Structure formats: C-alpha cells, structure tokens
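Take a look at these structures.
Two complexes are shown next, each including subunit A; its partner changes from subunit B in the first to subunit C in the second.
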Partner chain A sequence: MQSNAGMEYDYSIVKLFLWTTVIFGIVGMLIGVLIAAQLAYPELNYLLGEYGTFSRLRPLHTNVVIYGFTLSAIWASFYYSGQRVLKVSIAESKFLSILIKVHFGLYIIAAAAMVVTLLMGITASKEYAQMEWPLDIVIVLIWVIWGVAMFGLIGIRREKTLYISMWYYIACFLGVAMLYLFNNMALPTYFFSGGLGNIMHSVSMYSGTNDAMVQWWWGHNAVAFVFTVPIIAMIYYFLPKESGQAIYSYKLSLLSFWGLMFVYLWAGGHHLLWSTVPDWVQTMSSVFSIILILPSWGSAINMLLTMKGGWNQLTENPIIKLMVLASTFYMLATLEGPIQAVKSVNAIAHFTDWIPGHVHDGTLGWVAFMAFAAVMHMAPRVFKREIYSKSLLDAQFWLQTVAIVLYFASMWIAGITQGMMWRAVDEYGNLMYSFIDTVSVLHPYYVIRALGGFLYFVGMLMFAYNFYKTATSGRKLETEPQFRSPMA
Partner chain B sequence: MSIADIQAYAYLVGTVIAVFVFYNYIVYLYRSEKRGEKDHEKFGKLALDDDITSKPLVDNNPEAKNEKKEK
Partner chain C sequence: MFHWLEKNPFFFAVVVFLVIAFAGVVTILPNFSEASQPIKGLKPYTVLELAGKEVYKKDNCLSCHSQLIRPFKSETDRYGQYSLSGEYAYDRPFLWGSKRTGPDLHRVGNYRTTDWHENHMWDPKSVVPDSIMPAYKHQYTNMADIETAYAEAVTVKNIFKTPYGPEIAEGKAAFEKHFKDVVLPEAKMITAGMKKADIKAMVDSGEIPEIVAIIAYMNRLGNKRTQ
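So, the complex of A and B:
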C-alpha cells in the first residue's frame, strides 16, 4: 500500500451512479404515476398499444425503481462512503479501477435489457424477480463484480475497523447473493425440449407451494437487503457526516445489526398468510414480523437521537430534513408492516390497497428520501460545486411530504374499505357486495393516489434539475466541505 | 422420529442458541466498556474524520504494527 500523501478519493464511478440514480428515478416514477392513473382511469391503458398496458408497465415500474433508482443510489453511496470510512482510494489499485468500470458498463447493459424485455412482455412472472434467465446470469455476474470490488477495497484499507455502514453493505451483498440465486433457479425450456418454444422462456425449479415460499423468501428479503439494509448503511454515514454529530450509540447500531440479520430472514412467509402454505410457516413468519419491530426501531431511534443537541439543523438544512423524515417513515413502515403481518389483521389487509400503501410509505418516505439526501450530500463533494438551490430542495421536500401523505392516507382508507366490503355478509351469509361495487367506491381514492404520485414525480423533476444545475453550474468550491453541505 | 421432527427440534435448538449468543453479545458490549477494556463508541468518529490524510483510528498497515512491536 502506498503513502496517502497527496492522494485523493476516486469519485469517477460515483458520478456515473449519481447520474443513473437521477435518470432511473425520473423514468421509474413517471411509469408509477401513469399506472396509478390507469387504475383510476382505465382508458389510459390504451395509449401505447400492448406496451402501455398496466400489466406491462407495473413490473417495469417496480424493477426500474428498485434495480435502477435504488441500486444506483446504493452503489454511488457505497463507492463514495466506502472509500472514505476505509481511508483508501480506488485509484490506488489499478485492478479495482478497471473492475468498477466493468461493473458500471455491465449494469447499464443489464438495465437496458431489463427495460426492453419487460416491455416486450418477456417475464418470469415472479414478484421483484421478473427478469428472465439470460438477464439473471448477467445480474449474478454484476453482483460478483461488486463483491470483488467491495472486498478488494476492504483488503487494501488503511482503517482496520469496519465502520457500521460497511457491515450493512456486506450484508446487502451476501443477502441478495444467496436469495437471488435460490429464487431464480430455473430451467430454460428451449434447451430441455429439443429446441421448442422461445429461447427466453424458463420454468422455476420449484413448484406450487414450495415455489411460493421460495419466492416470498426472496420477495420479502429484497425489501430487507435492497430497501432496508443498504439504506441503513447510507443513513449511518450521511446523517453523522452532514450533521457533524457522531452516531448516538455505536453499540446500539451493532445490536440492531445482528438483530435485523437474525430476524428478517424468517419473516417472508407473512406474504402467504391464509394461503396453502403450512400453518407453522404462517405463524412463525407472523411472530418474527412482530419481533422485527425491535431491531428496526433500534436503528431508527439511534438515527433520530444522533440529532440530539443539534435539532436546530432540522430547520436550517433541507438535507437533514430529508434524513430525519426518512428515519421517521422507517419507523412508521416498520410498525405498519408487523401490524399487517398479524394474522387477524392480515385477513382484512391481504390483497387490498393497504399493501401498496404500506410499501410506498417505506419506498417514498424512507428509501427515496434517503437517496435524495445522500445524492445531495455527495454532489458538492464529487463535483466540487455548491448545491444550486436550497429553496428548491426545501420546496421539493415539502411537496413530496404532502404527496406521500396523500398516497398512504388514500391507500389506508381504500384498503380497509376494500377488505371490509369483501368480507361483508348479510343475515343469510351471502356476500353483500360484488367486486365492481368495491371498484366504484374506491375510485376517488385511486384519483387521490394518482395525484399524490404526480406531486411526488414533480418533486423528482425539481430534484433532477437541482442536481443537474449543481453538477454543471453551481458555484465552484475551493475546499471540500467538512460537514454541512454548502447550498445557495 | 421423522425428518420433519428432527428439523423442528434442530430449528428450536438453533434459535435458543442464537438468542443466547445474542444476549451474551449485549452483555459483552456493555461490560467491556464499563470495565474500561474497550471503547466501542469511538468508532462513531469514523464517519466524521474520514479524509484520506486522516490518521486511521486503528491502523491496518502491517508495517506500522511491526514498528509498534519492535518498540
């Protein structure tokens, strides 16, 4: 290892992932707004022929926001904060410098292939795992490259202690690696049928109930290891760094980490409550979901208490605002999820709009707010320019906060209304309502949801403009800001 | 005893062991700090003092370790 005198961190890969975060954010959320509007106004399904239908666009929305927007933000954050907490530059290793370029290049190829194949209707039909087998192979390759880059960086580090964020990034890598492989085990039918059918088609190696259990083992842990674990890694670095206050309790961060690791993996079965999976699986996943509140709130409270003695920053710094509200939404979502996993509550909640309501508390409030904060913290440091507009960032924050409230409030009401109407029976035990009755009642809430989504998307455009102007025409900075990000 | 029974008992035993290890870890973290053997909270500074020229909190450079031993 060389001397670090005159050395600088290498942000070339960070810049690329920052741009893809913004681009995928716009694309993914635009599709989200369109499909929300389609649910309220079904005529909108026919704008683009088969390519504009809800069934084509819905998986595209989830895949672009998860594997485009969120993963880009995670990788930008990892390559930025990973170098910093390990006190080593990627530029110190020629191998790693080349490897990260391959990482980004393959990622863009896979993302483009994902968009094209899903639009064409080529899908494995598994939630959050729709991509067909050739893409799965590319994704495994990308993941291995990221792992080599991560452990390579750890191998040449100057700082021996791995900061808690690194633990979470490692968990993200290992968790997804294991679960993605298991869930995507499939046979390409073309090669096992003497060349019949489409070469892209495959069938799962599991069948029936087993397939469902493996699917939701992955499905729920995609939420754990893509939407939770790396986002905690991000906030444990960016909140202390932006506020200038060390993490409230390092011990609590360690305890929450191991608690989360142990408990999360057992909770996936709660997606299959009241289905044909064994009763003990349902009970176990329900119990583990309740226990999950403890490590989740341990992390969230630790984040909020990090601001102890520095709460004035909440009114002065929109990046802190984004992160504090992200922690708060993390608390809300991790309380709401376990409540939905209680079997009696789930009897009403299952298959209703309360579920996407819950998902969007977490994704819009926790994941995306944290991604926006991380991007805006990194931008002045990687582009060496002041943030273009504080007032625009503030306006974005308030607009999107209102948008989330509209989204989840409408979905809570819609979901519980829907669940109650499906179960309602008259004195003779006959169902009181037909399916179309619920659709008529829910229409206003679908309109409110689409409006909330639209406002959030407008906030995303404001963010993209602010980011673009920061990167290209923000006031130049002579020195790197230590804590609070400078903004005009 | 069927394979399902063995799995169930193994699961129960595994869970009890994991809980035992986890609670011991909590006791270790707090006790080692109370006795002054470890300062876990100092690692919180890793996010704050993260310039490439900053002195590492715990140096990973083997040369530096050898120098310390020689002294």
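So, the complex of A and C:
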C-alpha cells in the first residue's frame, strides 16, 4: 500500500484543531487590536476595569496567538500531514484514537484556564511562559501526549523514511519540551512554607541574571521552536502538495535543518545585549544570530525555488500566494533579526517599538500566512467540500499584506525615532529630550499601527467566514483533489 | 548518515536533542554560580516589598517598564548608575522587561517619592500630563497578599539560603507575629508619606492595600537596596 490511493485517513482531530485555529485567531487578534489602540488612545484602558489595562491584556494577546492560534494550526497540520507522510491512519490504533481525544480535551481546558488566570493577574511574569505552575503541569502533560501520539504514529508507519516535515515536528516537540521544562522550574511557595498563602504562587528556581539567561534561552527559542520549526514543517508539506512542484533541493533541506538546529539555541542571548550577562555570551549570541541567516534563508530559498517553472500559479492560486509571501516574510524577518542582534544596532533598537515591529513581520507575514494557507489546503480535503470563495481569499490576502506593511513600517520609524531620541544630546552633552517627549512623538505611529492591526483583524474575519462557509456549505467534492485546491 | 537517521526515528530524535541542547549547556552553565552572587551589602526584600513585587507582576508593569540600565552615558544620565548583576541576586523572577513604553525603573526609588507614586498610580496625567499610562485605581481598593509574600520569603530562605533572619519561619503563627511586628509598622511608614485618608485608615485597621505594597517596592529600587 505505497500510494495514497485507497488510504483513508482519520481527520476527526484535524477538524477540531482547524476550528480552534480560527476561533483563537479571532480572539487573539482582537485583543491585539485593542492593546494597539490603547497605546494610541489610552482611554481604551478602562473598558473592563482592572482586567482591561494594556499591561494585563498584553500577555493574554501573546499567549492566545501563540498557544491558541499557532499551536492549533500546527497540530491540525501535524495530524493531517503526519498520517499522510507516514502512510498510516490514526484509526488503525485504538490507543491513538483515544489519546488524540485526550490531547484535544486537555488543550481546551488548559486554554480556558490560561485565559482566566492571566486576566486575574496570576502570572509567573516570564514572557511567553507566564502561566503558573498548575497550568505548567497540564501543559507538560499535553506535550507528552502529543509526543506519544507522534512517536506512536511513527511506530506503526508504513513509509519507512521520515519526510522533511517530520524532522521539523520532532525537533519542535523536543526543543519545546526541553526549553519549557527548564525555564518553568519553580517552587510552589505554599508547600515550602507550611501551607501559607496562595497555592497558585511559585518562585523561580533561578535568580536575576541567571533567570534572565534561562528565560531568553527559552523566549528566543519559543520563537524558534513554535514560530519557525513547525511552520517550516508545514510549508515543506503544503507547498509541494498545493503546487504539484517537487521540493527544489534535498541537500539544501539537510543543510537548513541541521544548521537551524545547531545555531538557533546560541542566539537567545541577543535579547540580553548590554545587560549584565557575561560579555562573551553576548558576543557569541550576536555572532550566531548572523550565522542564523544561512539556515533560515536556506529553507526560504528552497521554498521559493520549489516554485521554479510553476510561477504562473502565483497569479492563479491565492493559497500559493500566501505561501510564497510567507517565505518572503520569513526571509525579511530572519534578516531583520540578525541586524537587530548586532550590538551597535541593538543599542538603539532594544526596548523600542522596532522589536514588536520585527516580531510582527514574522508572525503576521510568515506564521499566520502559512497557517491560513495550510488551513485552506486542508479544508477541502478534510470536509470534502470546495473552498467557498476564491475572491474572498484573494481580497483577504491583499488586505492583510497592506496591513502588515502599515504595521512594520510604522514600528520601524517609531522604534528608530525613539531609540535616537533617548540618546540625543545637545552641544553641551546634556540629554535633549525628557522621556515623555519620546512617548508623545510616537502617537501617529501608534495610530497607524493600530490601523494596520485592525485591517489584519478584518482579514482574519474574512478568513473565518470563508472557512465556516467552506466547512458547512461549500460544494461537495466526489474525489479528493490532487494538488491545487478547488475553490469557487 | 543522514539517510540512515531518517529511517531510524529514535536515533534521529537523540541526535536532534543533542544538537539543540549543546548551546544551552555551553552558554548558561559556565557563569551560573558567579552570576548568582549578590553585591556587597545587598539586603533581601522585606515581606511588604515582596508583596509589592507581586502587585508589580500582577498588573504586569514589566510589559512597559524595564529594570535594566544599560552602560551608555545617555542611560546613566537619565536613570543613574548602570545595573550590576549582583543587584539582581534576590530577584526571583528577574523583572528586566523587554520594552520601554515607559521609563526604566531600576533606580526609581532614588528620584521618586511616596506621594509622587500615590498621585501617579491614581491618575498618571496629574503628574505627567502627556502620559499614556493607565490609572491603577484598583490598587487602592484591592488588598495586597501579604501571606503569599511571606510564604515566598520562607521558601527562598529555606531553599536558596536567602539571608533572612530567624523571624521568617514556617507556619501561620510565625506569619501573624511577623505581620503585626514588622509588616504593619513598615506599611505605616509608607502611609505616613501618603495623603489619602482612607488608605491610612485601612492600614491603621490592619489591612494593607496593594498601593502601599507597590510603593514600598518602588522605594526599594535604587540605593535602598544596600541600606
């Protein structure tokens, strides 16, 4: 049974994760638009009492888009493409069939608990690892279940050679497991004080500079192993499947994969340049951040060259458009990041809006575009229906592309303006601006950024509608489409 | 070799793990014990200050404020002496932040006063007319969680040997004694510098609102670290 013909795959879990991708996408981006608007119009901080301030909502935004939207898309893609590249159906194993239900159920419970605790201000305060210890335990459990499901599927596979996407999913699993465990090492104070105080509270195992090192070893590599590695896994599967083009170069895949694995972890220290971590760590992280361009661009170029001879599809198929632009934004973000990691540039860029600007190049342009493309490729095959509207998907693509440009252009200007004003001195060497001057000057850029975010959110709503209509009332398909996804 | 690995998932996973774990070991471990040493004379946070730190975390001040003064003249002119690793030795977690939508706070205790904070947290525009910071009025009505802060002090004393005196000990009785003898008088010293009568009244009646705790924490950031 070496061909897909005759294979029936179990998409029950894929459908669930597709829905949560869309729902978390709406929620996470809506909060994002709100907090962006709060910076431009501070009165918006008072919509929800103490729960509605920028400071309380920012971690909610990041956690919902990372662990809600992105992880859902990753898991939908994994359970879809994992079965197909391994040539095995989840339904063939009773154990796996039950396990995936537990996976999804626990995930929803953890997500709900995350939203509630973060709104209440119950937080460990480490970026992208805010959740307190009881939630950490649930998350570790979910992660282990995913690992068991992955290696369970691998164990009963028919196709012996692991496809490139599987390399990246395995790396995602291992990397996040290691980093998350070490970064969240904390002691629940209730159990070490004879039963005093709040049972949710914990204290970090590391202090000060060490805590910072461990945190940004995690923080940076959460970006690596959630926002990069599994997204590359997705594009390696969905781009050839949607376009019908073969991957350009196996050797380039090898170089990019192993290069990325080795180099990425060194770069975490670039979040701590000019801080109190040892100088040699700072220099190493700077150097490795530059080297990181090679494996990053390796993957992106491999993707773009995969389209060689098939570029006409770019004009005809919005899913291809999304993926090609995603690769391009991946190149932009992985060039911009290393530039910011140069110590002299970092002296200006760090602590400014250029940093969230950079993050959103990657997340809006690369991660979310790839997620949209993957969802739209899967939807017709999972629901056995034609995509509801090609023109809506096309309009979404252009609207969101404009939105990203507004976002990063305004944040580039805002960041560099602020960085330069902080250090500006007059002819006598005195600081030229008080801090508040450097805040007031940013107002127009905050307005433009909020507008960009709003347009992106509108695009997300268009996507959600398109997905909903596809799943419920798209034209029924008799046979599974080869390559290009059918759309009305 | 790569072809072989791609057919042997277990060994593939092992090799991937070693390749990614390598950098962490090499960069984090060598300076680990050195980086955990305090500067000379650094005192651990009082329980009230720890409670204030929890308010700082709860309202997530670090999403807009850093506590890291970099070694540039423009920063030392604006905020004071650049930050030293040993100043953070008792910071669990570290609260450096990654974004300065507002100014750095690592030495805010050196140049802001209790009543400035009292006005600022109630209505930031009253002291900085163009401020975009929201008001944190709920800190004037929510009570600080002193017991949890005390539990944290006990934990770090027992496990990490943070140098607290014998008055920090396990159990409810020790906490209640410490609250009455140490925390409440310290809170009254803060309210002595405040204007709001209702806050003073609350502390007099034995309740400590969040604003008192967070001001105690803010005042500590700076020269008071070693005093």
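Here, the second predicted complex is superposed on the first by the 481 of 488 C-alpha atoms of A that agree within 3 Å, B and C clash if a C-alpha of one lies under 4 Å from a C-alpha of the other, contacts with A are read in each partner's own complex, and residues count from 1 in each chain.
As a convention for this text, a contact is a pair of C-beta atoms (placed from the backbone, for glycine too) under 8 Å apart; a residue touches a chain by one contact, two chains touch by 3 or more.
Keep in mind it's a predicted model, so treat the numbers as computed, not measured.
On the superposed subunit A, the two partners subunit B and subunit C both fit, without a clash.
Once chain A of one complex is fitted onto chain A of the other, the partner contacts of A:S389 are absent, as it touches neither subunit B nor subunit C. Judged by the touch definition given at the top, the superposed model places A:L254 against both subunit B and subunit C. In the superposition on chain A, A:F192 contacts subunit C only, with no contact to subunit B.
By the touch criterion stated above, A:P240 is placed in contact with subunit B alone, subunit C being left untouched.
Among subunit B and subunit C, the chain that touches a larger number of residues in subunit A is C. Residue contacts after overlaying the shared chain place A:L431 against subunit C, while subunit B stays out of touching range.
In the overlay built on the shared chain, the residue A:G121 is in contact with subunit C alone; subunit B does not reach it. After overlaying the two complexes on the shared chain, residue contacts for A:R158 are found with subunit B alone; subunit C is out of touch. Shared-chain residue A:A212: touches subunit C; no touch with subunit B. By the touch criterion defined above, A:F262 reaches both subunit B and subunit C. Put simply, the nearest alpha carbons of subunit B and subunit C end up 5 Å apart when the two models share chain A.
Common to the subunit B and subunit C interfaces on subunit A are residues 160-161, 254, 258, 262.
Interface residues of subunit A facing subunit B in the complex, by the touch rule stated above, are 1, 4-5, 7-9, 81, 83-85, 87-89, 157-161, 163-165, 236-237, 240-241, 244, 246-247, 249-251, 254-255, 258-259, 262, 483.
Contacts from subunit C toward subunit A in the complex involve residues 2-3, 6-7, 9, 12-13, 16-17, 19-24, 27-28, 30-32, 35-36, 54, 57-64, 66, 68, 70-75, 77-78, 83-85, 87-103, 128, 130-136, 138, 142, 145, 147-152, 154-156, 158-160, 170-172, 175.
By the touch rule above, subunit A contacts subunit C in their complex via residues 38-39, 42, 45-46, 49-50, 53-56, 58-59, 121-127, 151, 154, 160-162, 166-167, 170-171, 174-175, 178, 182, 187, 189-190, 192-198, 201, 203-215, 217, 254, 258, 261-262, 264-266, 268-269, 271, 274-278, 281, 284-285, 288, 347, 350-353, 355-356, 422-425, 429-431, 435-436, 439-440.
Residues of subunit B that touch subunit A in their complex: 18, 22, 25-26, 29-30, 33, 40-48, 50-54, 56-61.
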